[in-house]
């Protein structure tokens, strides 16, 4: 395809674990959307939301600095990631380094210890933002060969995919903080129905859910309740931590609140893969969902 | 008018033709009413209809076209003819759109509208202006602070000579003693240079402006266009004539010695904002106690303001000026710890930017009331955000942001005798607001403290020497939409004497007041009324031959326009007059009249209505409606096609104050069954642009009761009601209820007499 | 040019709200020729849509009535409605202003008889009621409109309804071919009084304005309380017409917020106090909670604040609500932190009023680039280098209340007559 | 390493601590813009888990209440949802400040045993050792930081989840994922720590 656009792809640590199916499905759909992903050389952890606590701010920023330095070596193309936390940290670090001369100096001094340097301003983007701003919905629609008629999807965006950058210039101004439309647009473009879902940017508890789930189960319950109320077949999200939290705590919630949730939670990219007529396992990675998305599996070729 | 040539023009359009028999109306005009010209037209306001009237006027057939069509509030341009005096009879909004089509009662109402129009014309003359002699175009500005300096410059720039007087020996007022001012231009973030010295220079260099310092006004007499002002300075008194007066006497700080609980007096390092400003302007802030530069400073806002024990109002500028001072301190010493302790931080508009600037500079804002300030400068704050009482120790200085007291009186002059009633004629600041289910909540007493001191202008008016002022002592307009609507025509206040305001707003206010002064001078030259009856050339004429010197007109004039001469007869200061007709309404012998509005005219209109006999079961109710609120509300009732009772007969009046009670007794003697006065809200919170028209009418009505009793009629047959302009949906029901009550009394037995 | 004096002494006023109307009348009453342009079909602007003014609780139409009477008497004041400015050229004393008049489809023959409205069933959103109700496609702007003349909605043009509307008019007042007109005005000074627009409540994302009809803006609340409004003045839940028992006002809905309007809009605190009065006048058992950051009742308006606060059923919560969600019964629920008590609340209401701020209309419309500066919010300030021939007035120059707007407009009138020089 | 903390102030509203926060905490320079509206605290999804909430915490910082701030539960319950940050009408990066206060609390020894500190330790261990987060090892390290018994308990509670993860190949068994140049990465992190230490001395 002549209008293929190349990106340096930063999969992030979850791609090797809990978010493996996000990574797999993104890699699968990218060519269909005219996106070429070249994996970032020897990428490291972004620091997530806790790295600074033990490591300190500079060390934490230097983690991103190392990735940015590698991207700089790798070519002029923008960095793209599918992970919300990776996006948050890497994008945030790049923006900070851009505006803070002192920080840039310090990060480079640290990078120097490994013979690296970062002396430019690299744009760090989220896959969803790239689909909205670069690919365009029309192209998504064109790629659909297996429209998911009748599938009801609750589009759950979560936090960090849109906050705090979606409305900023650096973040591509691709959607809003509280009521983003892009995910519903993706779902509808795939021929499925995006149900009314007003908790789309409610918080799943993030890393607190990992550490102290007893404090946040009620948050996840709200997300599930709304999906049930909207009669959704499946919840779709772009965020690996959201996917894992909302999926894996359903048992614990059922135990604590006496409910009987068993709702599949998938990535938008898995839905796209199915709608694009790709393989349900190999491409859509539906086999990696703990709660099986049976309707989606049935629709998959 | 020597040669009246009335002509009745009846419009059939807009449903009038369908609602009433216009042919019969035409016949009535040319028949019983003997009007020489009577015509009807399908579309009277259209080009052809207007041309018909124009031609009759041009041909000399008609000089009083009586337009029996729509309301006097519409199609005014179309029905305005050179060389003719137009009379409007409202067949549309008040008859065709409000009463059932084709019915006898509707037809009778329409016929009476025509009758009243013809009667009105028979007593109307074209007013001729009364232009006074010896008019002057100079503008007197009282007060040489920044507001007054701006006013003087604005007036001079508009081509007027200016006399600027200042009580002290120096121009510039507070502003001249200050360092910087609050920002008023983008980016609204930094204190700006004080421009008062350049204002002083500009004034002193302007040949059109005469400056007199050490001067006050001893007495003010005369009227717009010709005020005679006696000026006093150390050496004596001097008489000057000016066309209009702008009062910019400004403010003084609230007396900090009354703020003992805030430590004032207990420590020399508790200072007022004004004192701090002086330090900032003169070499920087230093402690009075030891001359050291303070490094920790707390500002206590609302020191005396928003406090029922002191100043009940918000002085508006203290938040901004304290922020400015805090910024100046921090600028001089970035390590200084500066606290602003507020209850509500009020930086309205773009001043919010200034607040942010101070936050950015590290000034700490604390919400809470300062409970006490000790002699050791310990400030005890009820810290609302931490939820605890905090003693703040280690302070080097405490600044009290004292409020501003308007100088609507001169504290250095002795209090004048009389005139208290002109003070605080305003909404009671503690009056409860109406709530559903609570019929009447008792109003706590409001101690209307008459501001100390004597009158600024010492007006030699029947209504007292003071500038009228509102409850808090500000010499401001009573009206939101007309901030320069003065009760003393030709005299306009501006700046902090009118409302607490900063220098930028005061400068603008000065320009506004000067504009009104310019208009006052111009109107005086043309013999025209000022706001709200702008351009009206009529004025009250007094038939002194039958005047009983009862003085009601001089007392009741809301604008103090009428003096009593040495013999006790009323003497009009024509350019003070606002043409409301309150004097006319007051006169027991009906001897005050306007050329185009007089007791006889309305009497004739009342008499023109045909009163059906007592067997007809048709009642007649007279409604006299204020033309600013009630009459438009009745129009809008028609526009909305709300129904109006067909037994009412409506006459718009300039103001209920102009309603002469003899009209009411006339009406009953003629056989009307009831009478209703519709005016605007009265009382402290009055709505009347002639100040107290509806209030006066209500008082006068009390006496009508006696008249009715003497006629053996029930007092309830007369009622005065408040109708606001927004009552279009209600006014019809108010009338219906009244008519129902009248029906309860039965018909007036005087019918047919 | 120096000694020639102005070529034109006409004063042009752009904007027919309270500031523009005031500026035009005040200037005309000094004898100068004045042209007043209004973009909409009637004069009065935003204040015509208000129910009452604070603190007197009097009706704006009262003052407008006086002003309209003044206009009727002024032969030297010409009012042009449906008119906006497309360009300004020249300098003080000699401006050429391009005026563009959009079609009203109703000409000066109109008597306001209303036959056109009766003839059609087509309805459009009522602009006067901020979309809270519908109006006929041929409509009188409102009962107090000046000029008292109908308008045909552009959406009706080209439909059979338009033909019905035209056929109903006996006075040949409906002109479906109206294309508007463009003309030029030569004038010596321009007063720019283009006023404000309510900040779009949809932009306050977490308040979910779109999710409930029971979340209204403060300007809509004015219509709800107005006898000429969608409910005849009865304050009810727009969703179901039921009476309100618990009402919340949210201050600074958009104002004092770097994400929205960075400045304080000045009027909203007082406006909400007034709205509390509207509610309490109608309902004995209603409770009103006002959520605020700082209650800004400046100068003498403090007394109004205290008078409203004396009502035990009006409460003040120092808090900027974080979000509004909709509960199972469809009621809006305010969520946030009470900053005095540190309590986190989730409080359901029957009606929530967003005290949205004032956004300068000039920030969107045409602004002459000569002699005019805009601050970063879009308010107009006289240019330091300018010749003083173009003068901002009213809310176009900053967030002001009505009284201050009139004050500003009166001052602007003086500046304008100074700019064109002594009457020749 | 950060510039040394000032002593707890003896008088309320001594600005020593506030200025330390301004100069040393990520986002702290913007904290002065807070106008105490409550938007942040009200926006927090688990605000009920916080004793003070960010708004009041900021006021306490101004009041110099250092120990109360660092001992506050507020700094340990941030979910990083960023609602407060994007909604703050004054542009205060609330999330950054709260998160960095947590880091400072660890640095200055206020807390050792809260979950977050343990979790952060486990996380950083993985990041530093392998260059990547190995969810399995990190989680185990976190659980067992509570001690053997508690670690077993926590592990067992989530056993079903772990089994699901393993079965769906979202948790691997075997050698941890590692970057190639762990040495380089560790050198970078060591250097960063060195710079921090140097700067805190310079600033002190």
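All chains are identified by letter, namely A, B, C and D, in their written order; residue positions are counted from 1 within each chain.
The rule is short, and it goes like this: contacts are C-beta pairs under 8 Å (C-beta built on N, C-alpha and C of every residue); 3 or more make two chains touch, one makes a residue touch a chain.
Owing to the predicted nature of the structure, the values given are computational and were not obtained by experimental measurement.
Counting C-beta pairs in contact, the pair that comes out ahead of the other among A-C and A-D is A-D. At the centre of the protein atoms shown, by the Cα-centroid criterion, sits C. Once the centre of each chain is set as its mean CA position, chain A and chain C turn out to be 44 Å apart. Each chain gets one centre point, the mean of its Cα atoms, and the points for chain B and chain C are 23 Å apart. With each centre defined as the average position of its C-alpha atoms, the distance from chain C to chain D rounds to 49 Å. Of all residues in chain D, those that touch two or more other chains are 35-36, 56, 83, 86-87, 90. Touching of two or more other chains is recorded for residues 177 of chain A.
Multi-chain contact residues of chain C (touching two or more other chains) are listed as 206, 256, 318, 323, 339, 342. By the document's touch criterion, interfaces exist between A-C, A-D, B-C, B-D, C-D. In the complex of the two chains, the chain D residues touching chain A come out as 1, 26, 45-46, 49, 77-83, 85-87, 93, 95, 99-100, 102-103, 106-107, 115-117, 119-121, 123-128, 131-136, 139, 142, 160-161, 164-165, 167-172, 177, 179-181, 183-185, 187-193, 195-196, 199. Touching chain C in their complex are the following residues of chain A: 176-179, 198. Here chain C touches chain A in the complex through residues 205-206, 208, 211, 323, 325-326, going by the rule given at the top. By the touch criterion stated above, chain A contacts chain D in their complex at residues 13-14, 16-21, 42-45, 47-59, 61-63, 65-66, 88, 106-107, 109-116, 159-160, 163-164, 167, 177, 202-212, 215-216, 219, 244, 248, 251, 287-290. Of all residues in chain D, those touching chain C in their complex are 35-43, 47-48, 52-53, 55-56, 83, 86-87, 89-91.
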